[in-house]
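Below: a set of structures, written as structure tokens.
Look at the two complexes coming up: chain A is in both, with chain B in one and chain C in the other.
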Partner chain A sequence: MVDAAALSVIGPDGDAGGHECGLSDDQLLHCYRAMLRTRVFDEICMKLQRSGRVGFSVPNLGIEGMQVGAASALEKTDWVFPSYRDFGMALYHGVTPLRMMHNMFGNGLDSAKGRQMSVHFSFEEPIHFFSISSPIGTHIPQAVGAARAFQARGEDHVCLASFGDGGTSSLGFHSGLNFAGVWKAPVVFLCQNNGWAISCPSSGQTASESFAIKAAAYGMPGVKVDGNDLLAVREVVGEAVGRARAGEGPTLVEAVTFRMGGHSSSDDPTRYVPAEELEAWGERDPIDRFEKYLAQRGLWSEGDEEHVREDALAEIDAAAKEAGAQAPPGLETIFSDVYETLPDHLRAQGEAVFDLSRRKGEAAAGGGEFPL
Partner chain B sequence: MAIEFKLPDVGEGVAEGEVVQWLVGAGDAVEEHQSVVEVMTDKATVEIPSPATGVITALHAEAGDVVEVGGVLFTLETADAPAVAGAASSTETAAQAAGGTGSGAVLTPTPPPKPVGAKALATPSARRVARELDIELSEVAGTGRNGVIRRCDVEAAHGAGGASTVGAHASTMDVPTGAGGETRVPFRGVRRKISEAMVRSRDSAVHFTVVEEVDVTELVALRERAKAVGAEQGVKVTYMPFIMKAVAKALERFPQLNGRLDEQAGEIVRCHYVNLGIATDTDTGLLVPVIEGVERKGVLALAGELAQLAQSARTGRISPERLKGSTFSITNAGNIGGIHATPIINHPDIAILGVHRIMKRPGVVEGPEGDRIEVRQYMNFSTSVDHRLADGADGVRFLVALKELLECPGLLAL
Partner chain C sequence: MATLTIVQAVNDALKSVMRDDPTVLVLGEDVGPKGGVFLATEGLTAEFGIERCFDTPLSEDGIIGTAIGMAMNGLKPVAEIQFQDFIFPAFDQIVSEAAKLRYRSGGQYTAPMVIRTPYGGGIRGGLYHSQSGEAYFCHTPGLKVVVPSTPHDAKGLLIASILDPDPVLFLEPKALYRSVKGEVPEDSYQVELSTLREVRAGDDVTVFCYGAMVPVAVKAADQAADKGIDCHLVDLRTLLPLDEEGVLEAARRTGRVVVVHEAPRFCGYGAEISALIAENVIEYMEAPIKRVTGFDTPFPNTLEHHYLPDERRVLDAIEQVHSY
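After this line comes the complex of A and B, so read on.
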């Protein structure tokens, strides 16, 4: 359960006690829609995976508030170095479900040209959403490196590196936080303590009394926040972003939340997540809580959720159909984007392959099997 | 148009899935994303949704059937062309089979669904034994690769009284079924996994069993005192943790019984730690969760872990990780009954210990004034050892060492 040391803004009844979040009514509703759209996108991706239409998916049920709250604290010129659950941050900033679906299907319009796994998004605009890494924590030093580069160039962009509680056990966590501290790099580390690293509980991850406390060793502030409270996350991440932009260095934020679904489409959490914990955290659902807050402000009424859901379902289902009907990336993409001038041996291989495909035709799409 | 829906790889690298139950029937209308069937794979039990809105025209597997990834699960008739990459239409499949697209060489061919009434997959010896025993092969569950029926499956079906066989031939053989009738229990899920594990053990290990009688009068007294100490700390102390300590200590002297056979490497692995598999009777059947590092743990710590294990077993929450990595196993029938048994080795362990109930009997006690008769408490232990990996003498010496430790449990402190 969330401990008292984690900052909360919205109470269980939706009362935020006059907290000033700096968002207009329209922006608050945009946050609400972004959370629900994230949830629906997740649900549809799992259905697509289970019916064999995409190869892999990563549930993010229960952490939508953390994602959208953090994303709302960033400018479009900032850079997100996400973990594989963070697509809510992209949706918040205006990436369309269709562009995301192109990645899910790995088709010819996918920004990574089918070279990444499903759910491993990358976007250059409207926000810089760095290509998601499957290896744990490798993107942490990359975020620090980018931040150091902005610092050297005198640009005031901020990097947000997001990872799980398991990510803090990676080598990248240590080297990243260490040098971010040394250089006072403009980076915010967002540790989503969602209770589990696949089946390893967060109690099996560290002997420290919290994840936030690790910040002290790297000479930066560490803050713990209620990860199911959109406004609290926005507040804490916003302050950290402000410090980073002002040249005051990095911050480690621990957002305490709970992964309500499996680790991935290959996982069966019912084998290890206690049902009572799921039930207790279900009571703290970030979307329900935000609904109560909006209702208190007169911005939400019964039936609104259904409307947003229906719109999202229609839009995302249509996006899935459109992306699923797209052709795979062209054969020539096997040889592109690595060398500016293709070396002779690769050129020869390419010509042989193209010649073969001209004579025999390209392979049709598979029959639903994913030979991973 | 008709979509033949093939079982996708719902995990990363899953090869097959067992149909647990159908959530719709043939002829039912379904919507896109509506759950159609529950499938259990090695990794998880998942609900498979329909890829499109339409009518399910045929189910190609029954509950309990194992379907390979790529095998057809159901046929769906849709009003329009599917925007579905994963599901091939029947016509495409036919064209590909005929080599019409010219891409057959690149695609992995999918085995056609098993038609009803097809010849069952079985080894030649299984066919011969089935003929001899007059057993219908289609009634036998195969435990071999891809569900191939092996000779042992046929024998098991026969040996088990042939519950299914009797049913299949009841009318022709006129076997009286009795006034009470009979119940058919699907042979799948945990039951089938247990069956596979048992057959694997029996097919590989050469079992020999030795039984020893142990005077546990002192152990009974010690345990009474430990029980009181444990109660203060809220730990229920049974005999099992003492037996586990004694086993770990005896295995120090006989490391040839502690480990496993690595068949692929062609090596016998001797472990310098003792992880004990504890055969546990649960509602769903026999499970063998593992308690690690027994040689390092005290009796109270072990008692605590056992209590936790019993709790997990009751609530059905033993994680698969806990079922792996035993170096030796113990099966306890003592609280049920029986005086000795022939325990089946927990594959790929080398040996197993069976623990039986304590009985009060008159016994001869040697004293300074000569022999006398006393009421003593006795417990039997049965050890099965894989004779391929250790010799008979090793098994007997191990059991004698265990007897010494348990007759004088103070030795456990040495």
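After this line comes the complex of A and C, so read on.
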């Protein structure tokens, strides 16, 4: 459970004690919608996976507040280096569900041209939502390097690198935080301590008393925050972003939350997550909590959730239908983008594929021909 | 023209491209004020400042991981890995990240960067200062792998690699760093990647080699010439993407082929050259293809001169394929 050391803003009854979050009413409602759209997107993706229409999905249930709270602290000129469980950040910043669904289906309109598994998104606008890699922690030093490029140009943009509690055991976590500390790089490291790295509990990742405390070894502040409290996450990440922007260096934020679903659509968490733990965290749902906060501010009333849900369902269902009806990528996309210019040996391999298709008619038509 | 060693030519290339392009920067262990353990980056910090040539913490994973981040965000990093033997902590970053970034992001993100690293034996470096790991990397689509063997090529290929839009692993034959001197133009110039260098023309036996094996093959070819065998000597110099047509043409020319490298034989680069020739021009072959390589053992220290192919072994192979 969230311990006393983790900062909370919104109480169980929705009372934020006069906390000034810096968001207008419209922005608060945007946060609310972003959380619910994330949840609905997640639900639809799991259904698509269960019905065999997409190959894979990654449940986000329970961590929407953490994602949207962190995203709300960033400008569109900042870069997000996400984990595979962060698409709420992309939705918050205006990536459309349709673009995301193109990825889920790996179709010809997918920004990654169908080369990656589902939920491995890559976007460069309206915010840089960096291409997701399956190996854990590799993006952490990359975020530091991208931040150093901002430093080199004298730009005050910030990189946010997000990863799970398991990610803190990776090589990239150590090298990334170490380099960032030495360089005073404008990076915010966001550790989503969601309790489990697939089936390994946090206690199996570290003997440290917390993940935040690891920051001390790298010469940066480490802050623990209630990850199911959107405003608390926004507050802590916002402060870290402010420090980074002002040239005061990196921060490690540990957002304590809980993964209410499996690791992925291939995982059965009932085999290892204690039922009572799940139940306890269910009481702390970030969306319910934020609703109570909005209600206290007169921005929410009974029935609003249904309306937002209906809108989101309609939009995301339509996106899934449209994306599901698209043609797969052309065969030539197997060979393009390996290098900027197609080398001779890849051209020869590609032409052999087309030639075989012409002669034997076996390969599925994907359209597209060389030259690329 | 100046007469430079290979390590001086590398230094000259870095200075040349850093003067022309302010986004180029150099990072690695001890590359700053010290100028690198082989002095390849000597004088760069003095001329360009500590922001453009700087020391990093001792972490190959961190060096390459951060360089990828810089590359995707508008800089052109040239990362030094002190010895190629130490590159393996960064293997994941090179193979799974730099090499795949353009592909997996549909071209949204790219990693135009160079990883320079001294490779190979001949300096009594033992297991961990002597290896030739090119085969690991040549098995990686998305990467380019370049190995110069002369000062002229070292400068021209390095400049071309830095200006290239894709990640390049630039393997420098440390045994030749100071033992080979040559004429190098003072201006900036590029040697086109994926082109072969004909070291000498001949009609009897084709010898493919690269890096530190080039001077060894030259000596063997000289001795073969004394025996009336005329060798066609080809420096591959870019291993990936390879000029396959050039290799096949050179193989067809003599119908007798020797491939030389100092890395272990099994699944080594010579296997690819042999397979390429066998698949495409076997009907031109007058003799079995012969490989002269390091052994399938770790790299020894005291007996390294027996491990490394020398002109005796290369000459023996030339004679065998010639007399077959």
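To be clear about the criterion, the second predicted complex is superposed on the first by the 353 of 372 C-alpha atoms of A that agree within 3 Å, B and C clash if a C-alpha of one lies under 4 Å from a C-alpha of the other, contacts with A are read in each partner's own complex, and residues count from 1 in each chain.
By our rule, a residue touches a chain if its C-beta (ideal position, glycine included) is under 8 Å from a C-beta of that chain, and two chains touch if they have at least 3 such contacts.
Keep in mind it's a predicted model, so treat the numbers as computed, not measured.
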item	value
First, second, both or neither for A:140, with chain B first and chain C second	second
Partner chain(s) touched by A:52 [first = chain B, second = chain C, both, neither]	first
Touch count on chain A, higher of chain B and chain C	C
Which superposed partner A:115 touches (first chain B, second chain C, both, neither)	second
Contacts on chain A seen with chain B and repeated with chain C across the two complexes	none
Of chain A, residues touching chain B in the complex	44, 47, 49-53, 55-56, 105, 199, 262, 265-268, 271-272, 274, 317, 321-322, 324-325, 360-372
Of chain A, residues touching chain C in the complex	79, 110-113, 115-116, 120, 122-124, 130-131, 133, 135, 138, 140-150, 152-153, 159, 171-172, 174-176, 178-179, 182, 337-341, 343-346
Contact footprint of chain A on chain C as seen in their complex	25, 51, 56-57, 59, 61-62, 64-75, 77, 89, 92-93, 96-97, 101-110, 141-142, 144, 165-166, 194, 241-245
Contacting residues of chain B [partner chain A, same complex]	5-14, 32-33, 43-51, 69-70, 83-88, 92-93, 96, 101-103, 106-108, 110, 317, 319-321
